[in-house]
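In the two assemblies presented below, chain A is common to both, partnered first by chain B and then by chain C.
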Partner chain A sequence: MSRFLTPATLDEALNALSHPGAKVLAGGTDLMLALRQARLSGTELPELILDVTRLPELGRLELDGPAYYLGAGLTFRCLEEDPRVARRIPVLAQAAATVGSMQVRQTATIGGNVANASPAADGLSALVALDAVAEIASLGGMRHCPLGELITAPNKTTLAQGELILGYALDPPAETRGQAFLKVGRRQEVAVSRLNLAACLDRELSDPRVVLGSCFPTPRRLRDVEELIQGATPGPELWRAAGEKAAGHFTDVCGWRASATYKVPAIARITARALSRAWAQLEARS
Partner chain B sequence: MPLEFTLNGQKVSLEDVPGEATLLEVLRQRLGMLGAKEGCGVGECGACTVLLDGKAVNGCLTAAWQAAGRQIATVEGLAQGDELHPMQRGFVETGAVQCGFCTPGMILTSLDLVEQEPVPGDQQIRRALAGNLCRCTGYHDVVRAVRRGAKYMRGEGEEQ
Partner chain C sequence: MSLGQSLIRLGTEAKVRGETRYGFDMPQAGDLHLACVRAEQAPAKIVSINPAQALAIPGVVRVFTAADVPGEHRLGIIAVSRDQEFIAPGLVRQPGQCVALVAAETPEAARAGARAVVVVLEQQPGVWSYDEAMAPDAPLVQPDNPGGNLLRENKIRRGDADAALKDSAVVVEATYTTGRIAHCALELEGGRAWLEGGRVMVTACTQNPHYDQADLARFLGVGEDRVRVIQAETGGGFGGKLDLSVQPFLALAAWHLKRPVCLRYTREESFLATAKRHDLRMHFISGADEQGNITALRARIDGDTGAFASYGLAVNMRAAVHATGPYRTPHVDVVARMAYSNNTFNGAMRGFGCPQVALAHEAQMNALAAALGMDPFDLRKQNALRHGDHTATGQLLGAGVGLSACLERIEPIYRKWQSERRHADEYREGVGVGVMFYGIGNTGASNPSTAQLEWRPDGRVTLFTGAADIGQGSDTALMQIAASRLGLPMERIDLCRGDTDRTTNAGATSASRQTYISGNAVMGAAANLEMQLVQGAREMLNQRHLEVELKDGMLVAADGRAVEPAEVARHLAKAGGRARGEGRFDPNFTALDPETGQGRPYATYAYAAQCARVRVDTASAMVKVTDVAAAHDVGRAVNPRSVQGQICGGVVMGVGMALMEHYQQGRTDNLQAYHIPTAADAPDITPLIVEEPEPSGPYGAKGVGEPALIPTAPAIAGAVSQALGRPMRHLPISLERVMEALTAAEGETTRED
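On to the complex of A and B.
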């Protein structure tokens, strides 16, 4: 039987978390599944379940000042519906809207999403495209870690026992950045991502970001695709070429496995489409 | 420490609730509230949907202790005596209930939707109910039911 604790302060949370055998509940949509599995198979339950969702530190949402900050306890539903998120970081609003069902979006958080590092997690690609840096607390103090380094393999992160993600600092995308998120799944809603793509473009194409998720072990920025776009002439030609290049990554990383027949052209198409949407968004603003 | 929350407007207090217990099992096994069902147990079907502070959540993916100090609504709390809730009437009148297994979840999810969107369009209804599976109706009548229920909730009359 597990004990359940809802700490009122961050100190209390970090103290409790420093004991081995403590597990964080950051919404519960993944943890409760794991617990169900453990109960069915008779394996050991965590000694302590620590519900961090009520900590005020994790509920911060700052998109007005010069530095953007998203608390790890924000739910996908909140990100999907907050008008500031939709305006300032639409790529995350769009990604949040595609996560699970309404019931899941209501409880699942961007903290849990990253800590569990599911390869199918939709939120991750968008956060990587926004250059999110995780702020991680433990009794020993605070550390900062770019998301790309925090997630090392499917369901693996560099988080140690005792560490808690408080939130993410984002560099504010210039107001003039177009952003788009697209996902391919088996059905339109509630589908587990098979591929997803997050794109951010600035008007000069000086710092394009293209992140492919779900089909790789961890979400990754496609640096060579970004280089191809950098400083080039925007338009359908360029988006198509970028798509082809992106598709090349799949066979490089994953080899020619059976799903490649389907995934390779799908990557080319969603990449081109996401870039063209991000660009259209910029045009619409001018 | 007892687990305390408000269930359909009434305070409840339960001793010895393990940390790993789901809200669904506590509602069904400790409180005798059988409206929320366990369909899949893994967050796919929505039969276990209840409202937590007004928001639809899967009872099977929610720890019972997450409800501490909060408001839980289940389908049992909707009717006033013999008078059905307007959303329930919408479902009954449009034939959106066949075996009824999915219905409590459908109705509660719809209430969450209508709370934010008093005049929901068909697409919005379909999207909101994407996590509620039905083995019987084919969904068409469910969409009509939600439209009709929303209309009754706005105090408007029969749908033409």
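On to the complex of A and C.
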């Protein structure tokens, strides 16, 4: 039998979390499935389930100053609906809108999405494209960790027992960036991504970001694709070439397995379309 | 009165409030909990089963094995192919088959006990597809089956198909396949059993309580009088609750332990242990003359029923009978074969093989139209079955053929959508049409229903029916029929349903048969009741030959006097009698000739035409079905809103069949891996009711349950084919299949440029 605790303060939460066997419940949409599986298979349940949804620190949403900050407790529904998110970091708003169903989005959080570290996590690809740095608290103090380093393998992170993600500092991207997120699933909603792609483009194409999710153990920035785009002439041809490069990147890393017959053309097409949409967004602003 | 009105279905408010208790909700405090020990390997010999470690777990009460089954091991709804062993007696034929049953004081202890039972198996060679099963020297799945691994071959032969194809102006040939599909009823299988006066009582979700009673008695080796089955509210079935599921385990444990027991399947267990829709491989050759008249069909249909026959015979026969689609086809040569394999068994699912063959016959119509240079819609209109035509089995169709009317209803919508169709950079659009006919009731076999109506001395009427309402609305439809026939508001009638002690056999809730067959049984019961009331009224009025009729709930005599039926009921009660009408109806059929398949398999058919509009994303290859228009000839809509509900539900299920549903044993045993449509996948649906009265139906009614699903996937397949310019012949039309077609289609365009 597990104990269930809803701490009201961060101190209380970090104290409780330092006990081995404590598990964080941020939205529960992944944890509850794991608990059910454990119950059915007779494996051990966590000793303590720590509901962090009441901690005020996790609810911060700061997009007005020079430094953007997203609390780990923000739900996807909130990210999908908030007009500031839609205006300033549309790539995350679009990604949030594709997560699960409305019921899932109502409770699932951007903190849980990262800590669960599914290779198919939609929020994660968008956050990586935004160069998010996680702010992590423990009784020992705070540390900051870029998401690329935090997530190491499918469902594996460098989070230690006792550590809690408070939120993410975003490289202030610049409203001037064009952004797009695309997801492919086997149905319109409540589908695990077959692949997802987050793209951010600045007007000079000096710092393009292309993140491919659901194709590798962790979401991956396609550096070679970014290099191709850097300083090049924007337009359909560039987007198509970038798509081909992205597809090539995938086969280089993963080889030609059964899923590639779909994924390779899909990656090429989705990448080209996301870049084209991100650029169109920039154009529309001027 | 109430017939033809869109009354809110009985029990709706309780369901909306969450107060309805389904079979799954039956467990009570103090019940013993059951858990099945399921074999992971198959086929396999059971070397040993050691329950010692399980019995050592606190709370575990007993571990049953096949040795504890007092009666027959082999059960099944079709008597000639009864072959499903609920606790394997020595040989495991399919993965997941139950080998032992644990009873415990808590669900946790039962599950722990099931994990602790040590089962030693010895793997045997198996067969995993139709082709493997039919190979020479293949290991036998059911060695007692006289045909080896061939469960059944059905032939439909009419005219000379080979010669007619030779003489045809155009001939098109292709192979089509469909995937296995899981029913995914919202309610998982669940129920409860206990003893009462030396009899075993079972209440569980089911589509057929009287069949359950008979097979449970066989399983326990007792007379049917020792078993009572009460259908619990059933949260969807779609054919998946026609076979027994939890009931044999419940009955066995209650019988031995003499305590109330309960059992609920998990979603994973439901995937593993219940039937699926048969995957069929269909090779079709169709011909037409220069004017576009269909000349012939030659079809070969191969199916794999898995380790148990379940409804394999019915699916095979129905697939053969419906292979031509609802089109005049003078020359027919169809052979359908169904084989056993060691896969988890396939059985009944909404349409019994017809949704599968509809994919083939509709794609063949599109191919014929293309070969002839004709409009595919016009080709269908030209060949559509009409009054006076013969079907492939030689059945002469009488009145009540509403196919042309269905086509007329959707044609303007189809034409409009075709005219609006366009391709853009990011998507391609397509419009397709699907047409079907569907025989109501069992194929070429007696399948009667019975019902009773009693006018009680207190003035209320009770309708007794064995027909299981599984959420589709038969309760309300039968009550509307009774109310209309007796001239009463429905509020004056009480319903007693699905209890083997209190109702008589109405047959299965399957084959879209309850409105037509049980509806007719109710009509018969009402007529019989009316006769008794009239007789009673004459006695009370002391005039043996007085004209008396039942009108608006009153018995009115020709001389102007009136008697309340309740008075007659009281009059009869004084003499120890009752005003209770009996009704029975068995559709008019003849069995099919075993060599030619000729005969009259059904008394009547439902007809439908649907069209679908899709948008295919050119980057992701995702298909969105945006709109479906669905015209259904139901004879007479007893409850129009219910009919519309069935149509909309069928269409959404058809979207699943067309685009995403694909059961893969061991890989898709939960709802995360096995995709069914969500609300976001549902198209904008226009349900259109066509009423071409069926002379033998209650008030002209037929059925709509399965027809609602059947045309949808073919219409979607046609639409995607049009969008991509390539025929989509395999279901589901997955991302992979669409991408392949899209890449190939674009390659062609580039070459043309």
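The criterion applied here is as follows: the second predicted complex is superposed on the first by the 286 of 286 C-alpha atoms of A that agree within 3 Å, B and C clash if a C-alpha of one lies under 4 Å from a C-alpha of the other, contacts with A are read in each partner's own complex, and residues count from 1 in each chain.
We take it that contacts are C-beta pairs under 8 Å (C-beta built on N, C-alpha and C of every residue); 3 or more make two chains touch, one makes a residue touch a chain.
Keep in mind the model is a prediction, meaning the values are calculated, not measured.
Enquirer: Quick one: name whichever of chain B and chain C touches more residues of chain A.
Expert: More residues of chain A are touched by B.
Enquirer: Between chain B (first) and chain C (second), which, if any, makes contact with A:Y262: first, second, both or neither?
Expert: In the superposition, A:Y262 touches chain C alone.
Enquirer: Between chain B (first) and chain C (second), which does A:R273 come into contact with in this model arrangement: first, second, both, or neither?
Expert: In the superposition, A:R273 touches chain C alone.
Enquirer: Kindly classify A:S101 by the partners it touches after superposition: chain B alone (first), chain C alone (second), both, or neither?
Expert: It touches chain B and chain C both.
Enquirer: What is the contact status of A:L182 with respect to chain B (first) and chain C (second): first, second, both, or neither?
Expert: In the superposition, A:L182 contacts chain C only.
Enquirer: Between chain B and chain C, whom does A:G42 touch in the aligned arrangement: first, second, both, or neither?
Expert: Only chain C; A:G42 stays clear of chain B.
Enquirer: If we overlay the two complexes on their shared chain A, which of chain B and chain C does A:D51 touch? Say first, second, both or neither.
Expert: So A:D51 only meets chain B here.
Enquirer: Following superposition on chain A, which residues of chain A contact chain B and also contact chain C?
Expert: In chain A, residues 33, 101, 188-190 are touched by chain B and also by chain C.
Enquirer: In their complex, what parts of chain A are in touch with chain C?
Expert: Per the stated touch rule, the residues are 33, 40-42, 101, 182, 184-192, 194, 261-262, 265-266, 269-270, 272-273.
Enquirer: For chain C, which residues are in contact with chain A within the complex?
Expert: For chain C paired with chain A, touching residues are 111-112, 115, 266, 268, 426, 618-622, 624, 659-660, 672, 675, 677-681, 734-736, 739-740, 743.
Enquirer: Touching chain A in the complex: which residues of chain B?
Expert: 18-20, 22, 41-44, 46, 49, 52, 55-58, 60-63, 65-66, 68, 109, 112-113, 116, 126-128, 130-132
Enquirer: Touching residues of chain A toward chain B in the complex: what are they?
Expert: Within the complex, chain A touches chain B at residues 1-4, 6, 25, 28-29, 32-33, 35-36, 38-39, 45, 48-49, 51, 53, 77, 81, 100-104, 106-107, 188-190.
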